[in-house]
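Below are two complexes that have subunit A in common, paired first with subunit B and then with subunit C.
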Partner chain A sequence: MGTTESSIVDSARARPGLLLVALLGGLLLVDLAAKLAGVDLGPIGGALSADRLGSNLWSGVVIGLVIGLAGIGLSMTYSILSFANFSHGDLLSTGAFTGWGVAFLIAGFGDVPLRALLTVGDAGSATPGDIGAHVLSTPLAILVGLLAAFAVTAVVALALDRAFYKPMRDRDGISILIASIGAALIVRYVIQFVYGSDRRGVTASVEASNLAFGPLGISVNAHDLTIAVAALGLMLAMHFMLQRTKLGTAMRAMADNKDLALVTGIPAERVVTATWIIGGGLAGASGYLYVLLRGTIQFDFGWLLLLLIFAAVILGGIGSVYGAIAGGLVIGIVFTTSTIWIPSDFNEAAAFAVMIVMLLLRPEGLFGGVSTA
Partner chain B sequence: MSDASPPSGEGGSPADGSAPESATAALIDAARRSDLGLVLGTLLLVYLAATLLTFTDGLNSVVGLMRTLTFLGLVYALAALALNLQWGYAGLFNIGVAGFMALGVYTMGIVVRSPDPAFGPPGFGLPLPVGIVAGMLMAAVVGLLAALPALRLKADYLAIVTLGISEIIRLFLQSSAFDTFLRDTLGVGTGGGRGMGMPQNPIRELFLVDGQAGTPTALGDLIFGVFGESGLGISNTILIDWAYIAVLAAFVIGFYVLLERLGRSPFGRLLKAIREDELVADSLGKNVDLIKIKVFVIGCALMGLAGILWFGSQGNVSPTPQFMPVLTFYVFIAVIIGGSGSNTGAVLGGIVFATVLFEGPRRIGSSLRDVIDAETPPSFGDALVSLDPTAFLAYATDNIAPLQFVFLGLILVFIMHRRPDGILGDRIETAAAVDLSERPSGGETDE
Partner chain C sequence: MSADEAEATDETAGDDPGDAGDSPSADTDDSPSTAGGDTPLSAEVDAGTTHTLDGDAILRLRDLDAGYGDLQILSDVDLDVADGEYVTIVGPNGAGKSTVMKTVFGLTTYMNGTVEFEGESIHGLPPEQIIREGIGFVPQNDNVFPGLSVRENLEMGAYILDSVPEDQIEEIYDRFPILRERKEQKAGTLSGGQRQMVAMGRALMLDPDLLLLDEPSAGLAPDLVADMFDRIDRINDSGTAVLMVEQNAKEALRRCDRGYVLVNGENRYTDRGEVLLGDEDVRKDFLGG
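Coming up: the complex of A and B.
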């Protein structure tokens, strides 16, 4: 199936679906406009303040940036190693726990026992308030924690590759996918064993945590701003790496056409190593930022986020780094703005539904299968 | 199956006793001779281990542990068989098993539950068989809706779509808004995050009038008299559970026979042809899409039934701990252990997974914990700081659950590395009806 059909037949088959989606999208937009204007037109319309829409959009962008950042690594391993890595979500948790351990160490050094700091509050009875980690009060700790999250997760991702994936390099995608489920179980439950299973608060609360931008009349949560700046910075760094360095070119070549890349003499294993270091590191950093966003940490949060990250990657077209970022933003915004129409129980389901519809109607993604360009 | 082997453990089987030195060799030998022998032999080994673990606590504990292990082994075998039809026969990588099982059991619950909202979420109050059929149909219909477009996708995309569907199903069942919506429109409910009580198990009514404890029927009187408190001292609940296990065993055999017959039919040969090479099957003029949809729908209906038999007997179902995607991966591990494509492997994989990998480490961990004479440190950090290996061991045995999952992950990776075909993988059913590996000698027939 799918080998001989012409694209015309394919798009003709897809058209009723696309039409339906376009109609639904149009209806939602009209409804949104009616809601903002405060007009009630039978089933559509209602009341919605511009403030609420604005704050929904902003939090959607922040979540979307974190998911997009996590999606970069997933997308890279998908295109360069040709398998869906189910242990990617647990790399987020790895980065979050190790990074916050380091951040706590710096923020609370001397006042709180070491074991409480390094286990992110699992041992001992120190509360987040005692440790006092917040970007406004301990900016250095938060920054070093982010770097530590990147570094440790890169090492863990590389170790997983050497131990589990390297011996399977020439196997089919499904076999490696299954092995990655095994790797996910191992990482997740080692984290639970070491850091405990309970959900706990991480960030301290400080006075006036909202930064007001006087002339613009908006105020932004300091953590949200930190996340946006850090995520955008990492994405920009990624962009320059891909476009300006020899390694980046080699990566794009590997993703685009592996055989051709090998023929031209690109050192495949070195590119794979770099992929794991960068992809894993970005996953760890995004896990760390996600905890900064939520303020709480739990051993399986990365796993629970994995499907949303997949949704972002699929939306942008598997294999495309820029697509993953765009997909992350779309998923983040769907996640937060869908609550305007549906109960908040379903916002995650809405994000998954967007992913499924995308896969069915346009499996090549938003940008039509441009891989890592 | 379980009835055939008396729950006494120490009886042993002559097949096991004859070759105690090389147990694995004997097992593999038995595998080649008899599938049933292999499954029963595995069960007996499990029973032997269960007896060793609990014989100090008396017969009731021994039989109780055997009951738990057999129940889990059989329900995993059911789910693994259903998955084997989709994955092993047709190569459809469906990781939404948990969702389809949830659909089956929830639909059954809604159809059968009393319409009176006084007892929790109301239902339609129809008889149980109607509920079971409705549950299977619902799983099949949702499977059809998922399959129609999704089967055009590549295997790993199909995996992500089915995982997404399974999560959407769970989130809907979890949602109180969906519960309210159903109550307002159809007058039935799901119970949201609190879950739903399951209808009375008819097996219980065989032994107890109206299922009330203390009012046994004639059969109940007889059985309880011989094996129960006044006889061998086994508690009534455990006896009733064993009767249900017999029903489960009958269903496992039913699934097995159905799948074997399906596999040997022309339809089954087509399935294997698609698994081996889709392009060839397509080129031969077979309607590959239609066949894939059919097998996906049948598999989903069987998953629905497996969900009903498994969770429907558990008293209460709730979406979040029970139908998380990890359940799907358990079933996958069971199929992978047995070797995808082999029905006997699926049954065996279900039993081995549930007993050796799932329940085994917990039981052994708690037994070890009883031996260690030390207080459990409250956290890993404390255990490490104490620099006391005994305290660390106490922490490890008290937190055996995460270690067990680490172990499961290692097993999964190990199997994918070393034995991607599973324990019985070499018996993967060939696509051809005749054995192609043995060529007829001589070429004179070509004329």
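Coming up: the complex of A and C.
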């Protein structure tokens, strides 16, 4: 009888951290079950409706998909260009402002002055209600805005590469990282200069915007659903590109071994260009979707979100596209479900705590060592 | 550099002359008596020091100076490879053997001299262009993409073509049948010998006129080394010129047409492989006796 018990004891001795985490996780699960059952046992238990847990999980998935989508580009530039790109967050802002400018242009054309539309409501006194951008009332505007966010951000990312990163291609990662912080500041304050610095609402409110799914007993916000579909679609396209196309295979090859890719005859600069277009474009799209989720926009939201994106990418195993998606989902779900136990002011801290614990237990990240571009 | 690691696995270049030279291939005709028969002849004819060919060479290096950054490794290196020829570069660690190959591919700091392939200078061309000209390169370590399948590794070797050359892939599968069995497997999960086949297969995808091999036996289990050299012989027999750097100097010189002995980044001896093997100075100073 001794073997299994002693091996459990041994592994607990070898990794006391794991034991602690398992205990804590178990406790939270027991507490969650007690809350759902409505049992109140002193410190644990309480009341929590299954609906609330369900909606927490769902909004966690939605946020997680947006963060994961944003993380793809960060992970790609890390694995293919070997540096942590601190301007990635501001690429989200770039996509959000330019994409929503285009969406507004289509949604409010003719009714609202052009300047107000293109500056996403900064100039003039147009309110989101006047413009009326909403996926149910102006679906075309929302879709074209998403495409514009992708396209413009891809161009901006490529321009930043040509201006700053390409001349530094052979430098070490730290130098380029510092340069990317500079690029981040430039982009952020150009955005502030053009679009203003106030936070404002973007999406109009539309009556009955919750789509009910009767049989499943849940109702889902139309924007949340749009975000989930768009993000999953882009992720699938990304997966297809990486696994089935020559360019994607070359990207994975370069992520695996840059020197070998060079002597194999893979044209490195063309792959790098494609990396910026795809990674930057996805960052722009995710910034645009994040604004659709929040309903508000502000010039530095991407920068503030960058830390969470980094957390997701590191959690997933930096350099892995699939890790970025998985890490985003974990971060998103922790972000929203942690409010069951702690005030929502602290949910970001909970996300980082989970990241740190994960890294202590599995330093290479969820998908670490599996190099998939 | 990595040549140090290679030496650890290298049996034939050991210090003990009698044992090291014969043990891996004791059953071949390379018995001491045969070698003894060669020695007097070779000893009379010392290894040559003419480093260039009279006739046409497809690869022609002249007065080549190169290194890394400010550090010069090669000085005044001359080297020729004729069409279909099998040439090896041997020499002690740090002699600049691998640097010669990397310089052909433009991966070092070029300082002076000429690098010509098929009559035209290839100096300054990007690697993908050099591959297009007809040179394939198998680096020493980490020479497969571990996260890519065997087939994807091969496909990457033909990246510059518009479409995947299926017939060439079939040819490589015929040459290395184990790769056909493992085509969907990630290259990172293969054994050392199989990886070496993937790396060679990838370099052969464009059917190059010249194949550069950097230490193909490095890291291979001893019983696979002879097999690898046999495969290289067959590649050469099918018309591809081979320029090989090899720590396993005796075996390499036995197999090749001509050998170059490089010391401190300079040419020292150049001659037919068996002449170099028979030369007393070469044996003593560079082949461990």
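What we mean here is this: the second predicted complex is superposed on the first by the 355 of 373 C-alpha atoms of A that agree within 3 Å, B and C clash if a C-alpha of one lies under 4 Å from a C-alpha of the other, contacts with A are read in each partner's own complex, and residues count from 1 in each chain.
Heads up, the rule we're going with is that a residue touches a chain if its C-beta (ideal position, glycine included) is under 8 Å from a C-beta of that chain, and two chains touch if they have at least 3 such contacts.
As the structure is a computational prediction, the values presented were derived from the model and not from experiment.
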{"item": "Clash or fit, subunit B versus subunit C on superposed subunit A", "value": "fit"}
{"item": "Subunit B versus subunit C as contact partner of A:51, first or second or both or neither", "value": "neither"}
{"item": "Inter-centroid angle subunit B-subunit A-subunit C after superposition on A [Cα, multiple of 10°]", "value": "90"}
{"item": "Touching partner for A:267 - first (subunit B), second (subunit C), both, neither", "value": "second"}
{"item": "Which superposed partner A:311 touches (first subunit B, second subunit C, both, neither)", "value": "first"}
{"item": "First, second, both or neither for A:170, with subunit B first and subunit C second", "value": "neither"}
{"item": "Which of subunit B and subunit C A:188 touches, first, second, both or neither", "value": "first"}
{"item": "Partner chain(s) touched by A:116 [first = subunit B, second = subunit C, both, neither]", "value": "first"}
{"item": "Touched subunit A residues, subunit B compared with subunit C", "value": "B"}
{"item": "Overlay on chain A, subunit C to subunit B nearest C-alpha distance, Å", "value": "16"}
{"item": "Subunit B and subunit C contact sites that coincide on subunit A, given as residue numbers", "value": "none"}
{"item": "Residue numbers on subunit A that touch subunit C, as the complex places them", "value": "246, 249-250, 252-253, 255-257, 259-267, 370-372"}
{"item": "Subunit B-facing residues of subunit A, complex", "value": "1-3, 17, 83-84, 115-116, 118-119, 122-124, 164, 167-168, 171, 173-179, 181-186, 188-190, 192-197, 307, 310-311, 314, 342-343, 345-346, 348-349, 352-353, 355-356, 359-360, 363"}
{"item": "Subunit A-touching residues of subunit C, taken from the complex the two chains share", "value": "105, 107, 126-128, 131-132, 137, 139, 142-148, 152, 155-157, 159-160, 164, 202, 206"}
{"item": "Residues of subunit B touching subunit A in the complex", "value": "93, 149-157, 159-161, 163-165, 167-168, 171-172, 174-178, 278-279, 282, 288-289, 329, 332, 336, 378-382, 384-385, 396, 399, 401-406, 408-413, 416-417, 420"}
